[in-house]
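Could you have a look at this structure, given as structure tokens, before my questions?
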């Protein structure tokens, strides 16, 4: 599996696009851009690209022809290397923005509107003036076979270039807005993924899984066993590309350990007896859809689907990583960590190890195997983690990004689990701890409101009590 | 078949929506609007609707909850009668428009932007300020099962109300813009319809056929025979609803008579020997998508599909009605018809009939059976028709709406056919004449440009010669 | 609908076979039989056919080649007319029977077998000797596209010829045996048919419906409404051809009138509230499968499917015709009808009409509208009908063929319904009466055993009481 | 992959059957055999089984009930261990054979038949008498969900027991005959298998591949690349179980080396440029279908499919193992191998190695790396191999079983390839050699006839020449 990486898959994606468009582009009489352009898109080639873009946007020869030309442009883009693509995108960003003069005129008309009716009309026109011509170009790409996939890939190219570049960022806002409209959750299909799914799709799960790496096809098969569920959202025009997927375990009681959950040697349990659904991994698959969110709907729809099939389910919870805990801890200690440990804890620690800083202790390899250290650290780390999850904020909201996601969706912090993930990643991120966020269906709305409105973090009594210890 | 009307089908559509949403709406804790509202939506009920809309648009309780509430609102809407719906739409139009103050502030910010970067950002904000909250509400409806169908139906309700009503018209522009984005041709599936298609779908063809009425299931079956093709565009989220469909006959030579084409007693020919594809009927199916066009793409895609399957096809043409000819003729005669007929023609006519006006002659029942009249009128009517199609304009473009559609797509006027449709409708619209528009693939772009740019109508030599006779 | 008949459909079937086999047969190097043979298959052509059959059966050139030759033979068969086909079948019957000498030898070997093992082996060989070579030919036809359909059609041709013709009858037994193995219920798919089904399939329901003629597409649509169900068995290799179908109404209480059941103007009821499933029509579709029975499995499987979906269903019953009642009555009267009516009934009848025979009265047009007659005849006719259904036998079993079918399956005679079907057919067959057979799930086995073993007819108390009145 | 074995998969198959039948069997009122029987099926339990079998075969309570009982019996069977199953099968073999008395009576009737008609009828009855009741039981199992899979598995259990056991062998003949009828090639679907196929299916390819082991999912993916094809036959009632599959490489020129063919690091070629299809692996998947052949049809159908898609294909050939070569060589040497090598060859060999026997030389590890030995042995081994393939017979036909398969299908021996498979298996079977069998479409019939009729092996001139060297 090691050699199959995300970028490999994306390369293949683009290759398939190129092939799919070959014939379409053949229809464009103006010749075949992809065979002409230098991969770097040097100055000398840029004028040609400019003229072709102009032909598309002006709609010369009718929309049908314009879309055939867009296919050729798209093929040209795909044949470029990273530098060439940046240059291509810059042309679009610079030359297909809104025209300032048109906007100014429309604003003037709006301001001088005499009555409501005139203002309504002027508003429509102002809105149109603000719609940049590149939106039209993007839409033309959509008419191609797999065109929407092309746009998603193009945005993946654009995103890193948009940081700190106003023109590129403006174009990114346009493209994101368009994609958000097209990827409205109303258009997405929720699909169950199982061992009967195409290998070509399962291979993508392996590549895209971002939380707990899928180590082999056997590991994957275990995650699709009869007491497991996996669901993904798909767009009808990208049927082979999952947008986001979630892995669920149907178990008895809320799970407290990821190793047990992923142990291939454990026999499958009868899912109809399960009382709890554990969402143990949620992965976004498309970098080009960053900021277009459907995670909350995914959870809601999966809960609906599961309750329809398994009548004994009572609890819905996650078993989640705490990606920012150690980083926060280190910063806190840096900033004067004296108060992190209680004096008595610090004292006991000093008897065991030479390190004076808690993070140094936690950096020791294999401290988690040292029972003396473990029994000493458990209480303070759980407390610190509860503090981190419940009280540490960034712009009013939970500092932890996974926490922020689930709290926004109306979950509460249910339980912090000690020695729940002792893999290297788990130790590095959160000293081996994991957290359950729980979705109590009757509290979701209220939790959401309290969190979005006042940044208030819902938590179980048990977790709150940790703070007070 | 008579009793199955478009409105019947739509009623059933709405009923199915209501049923599909029952459970979704059940999730909304605020109760069930559809059971509460009076069908008229009197003053007393409007406040409740206002509050519910407000809850949706504010996103209270999170997007997931908001969409559950939108389901309930939608169900409420469907339970209203025509008056109630008008009132409902008026609330949305009046209260969910853009807020003038917000727009004014955003304009101010834009005008005072110091540099390009600031202006880019201000522009984005201005655009957002101009996006009315009802767009959000419409989008929430889209999240429902068959939500997009609901929006199409709602626009069908809205369209007649928007004529001459600025607020409603502004809302219609919003809704149309949203639907145009969602019904981008890139998302549509071209699907062949045949006798193996579901009866429930075929029934809709019968209801929606707008050019040559389908008289019975046998008539329909004949139109789906082996030497016929029928294609429709579908949206992936409205898989049971054709958006537009075209009926094609695969024949030898360009057809000149609709009765022959639709004759059920004619045996099917071998389509692989056909050299000509005749597009003899194109019907839009969704009133709610008026102004969102995909007809040109439909023709292009069907031509592509046919050439892929039938290698002997050389000609692509229509056999089209001329819906505005008689109306124009009558207006022209009213305005001084003396010049319509040449003196010698007028003279001969006077010998045969008492009527002094040409339109009076054409209004006689069964004149088309009177061989003397027919042989006398054929030449002048063909000439007049050629004049009408080639020279009569409305805002620079062809006056005839069917003509305008095909000329915009790059076709040319190929031939005018005498006694081509002697049904009542054919006689009333165009004195029994029909016209072939021909798509010569190599001329489409040039024809389109000449027509869109200068209103220039492409025509065959034969048709041009008619003018000179 | 009138012009679409069963035979039309079958003709089209054969035409499609011919087309499907064109290419396959092209592979047979021996030339194309269908282009050579005279439709009558005169003496002169029969030798050619004989030689070709010989080549197939001998397997010359390998099985793959033999099947290609069989395609050509099959195509030849399809090009023959009725006379030609009879001659073709006679060749197969006469020349591909078992060889008497081979059988005799095998019998001798069996009889002289020394021990069990030898006998086992000899038995196998005897069985093989008894397997006629035409079985091999039939099997080769099966390898063709739609080959099994061809065999079903061929048996439909054969059946009438097999009556009273020993050789043809022997061949029919072979073919029937083969088809029975291939159409084992284990291979059949139960499929629901609804308004979403292909028109090409629904058209076949219209043609095949044998109990209550489907008058129009609207009538059909009504029978597929939300409170109706239609199920059919299909063979995986004949996916477009229903083998048998049943129409079911989901109602409250056991229906007593077919007109009400089929009334298109009645609104659909909520099927989830229904307590009764009425099987009101069962039609076999393939003449060529006569004697291969799956009706009992159909009812069982449909009951299973319905109970899975509709939890309020408590009763399963038919509303059935009584096809043989009037015939029996007429024969009974002929044979001395004095006892059919009680003296007092006969007396009253004599006061109303001149006819002395009951069947003459029942032959009067519109007697069913004559309230005096109706009220007089109701009691005796119900009694006579109960007698007919419960007591009249043919070879130990119920004389009525519909009755025999349901009683064999374990149903009981539940109720006789007066004026239940006053159509011409209903009056002619059963004086307007219909009967409910009821499937009480817990009694099916016992009823079946009692009926199959002792010809004992199960009946409700109410029906038994009719006998005693 | 190592731990996933064929028997694992079959265990899972049976488990799924057990689950599928749970509900069906629930319907059988007689209780649940699988919960009652001891896995060994000791004497004490056998009577119960006998009674249940009797109930099935007698059809008590009707066929529908009988099949429900058969489900229960089947479930009982699946719960038994190997010993229990043997005992179960023995009961069926011993008690459900044909009844001798019945057969004797039928024979008597046949012998005393007075005329053809009587004989025809008597023949039918004799055939029926010879049909053992267990056929009925097997057919009843077929009515269950996945019943046919059950029968295939049951035959896999039966096959080893039938060797040298007359009663079991007789039952095996019955079961095989039934399966041969049901698995007639006319019912099978040819399906392409690719990387979009379900993982659950691909996993079976890995398990069933019998010629060149599939080492990993990456290896498998390589075999399904764009210049490779894989096809399998499926039965419509066992859609998840391939019956036989073939792996094909689309290449230029006839391949001479399996390592090159399976090399994952080689880039895929453009299959549309390929002139040769190499069938490099054919694997039967179902032990229970031993003796039911469809390999020849598979090759024919795949050739048809490929030629339809790839118009440059001119050659169809295999790259096949020679499984029996070394065994024959060893036997030949044992029996007096003096003549295997020519004197001059033997002399040279003696100079290089001490071994006096050729097979001892070939048993040396890594001799294939010793260039001196290799160059010495190439000529004689190719000659010996040609002799083995062309001249060595068993019952008139080619001794090599792979050779026999392709020669029966009409192929010829095209080329023997030196150092074509130097894996351990390749060295052990055939001293690293492989052979191409070539299917020249125009010679297939003649080759088949010459081989089947006279055991004549077709070969290319090049191979024949090897013999003469």
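Per-chain residue numbering starts at 1, and chain names A, B, C and D are given in the order in which the chains are listed.
Just so it is clear, a contact is a pair of C-beta atoms (placed from the backbone, for glycine too) under 8 Å apart; a residue touches a chain by one contact, two chains touch by 3 or more.
The structure displayed is predicted, hence computed values, not measured ones.
Engineer: For subunit A and subunit C, what is the smallest step count along a path of chains that touch one another?
Structural biologist: Tracing touching chains, the least step count from subunit A to subunit C comes to 2.
Engineer: If you average the CA coordinates per chain, which chain's centre is most distant from that of subunit D?
Structural biologist: Most remote chain from subunit D, centroid-wise, comes out as B.
Engineer: When the C-alpha atoms of subunit A and subunit B are each averaged to a single point, how far apart are the two points in Å?
Structural biologist: 40
Engineer: Hey, how far is the Cα centre of subunit A from the one of subunit D, in Å?
Structural biologist: So the centre of subunit A lies 49 Å away from the centre of subunit D.
Engineer: How big is the gap, in whole Å, between where the Cα atoms of subunit B centre and where those of subunit D centre?
Structural biologist: Distance between chain centres: 61 Å.
Engineer: Residues of subunit D that contact two or more other chains, please.
Structural biologist: Counting only residues that touch two or more other chains, subunit D contributes none.
Engineer: Considering only which chains touch which, how would you classify the arrangement: line, ring, star, complete or other?
Structural biologist: Topology of touching chains reads as a ring, each chain with two neighbours.
Engineer: Output every touching chain pair, sorted by label.
Structural biologist: A-B, A-D, B-C, C-D
Engineer: Which bits of subunit C are touching subunit B when the two form their complex?
Structural biologist: Touch residues, subunit C against subunit B: 195-200, 202, 217, 221.
Engineer: If we count contacts the way the header does, which residues on subunit A are in touch with subunit B in the complex?
Structural biologist: 29, 60-65, 67, 97-98, 100, 103, 107, 110-111, 116-117, 119-121, 123-124, 126-127, 130-131, 139, 142-144, 147-148, 166-167, 169-170, 173, 178, 181-182, 184-187, 236-237, 296-297, 300, 408-410, 444-446, 448-449, 452
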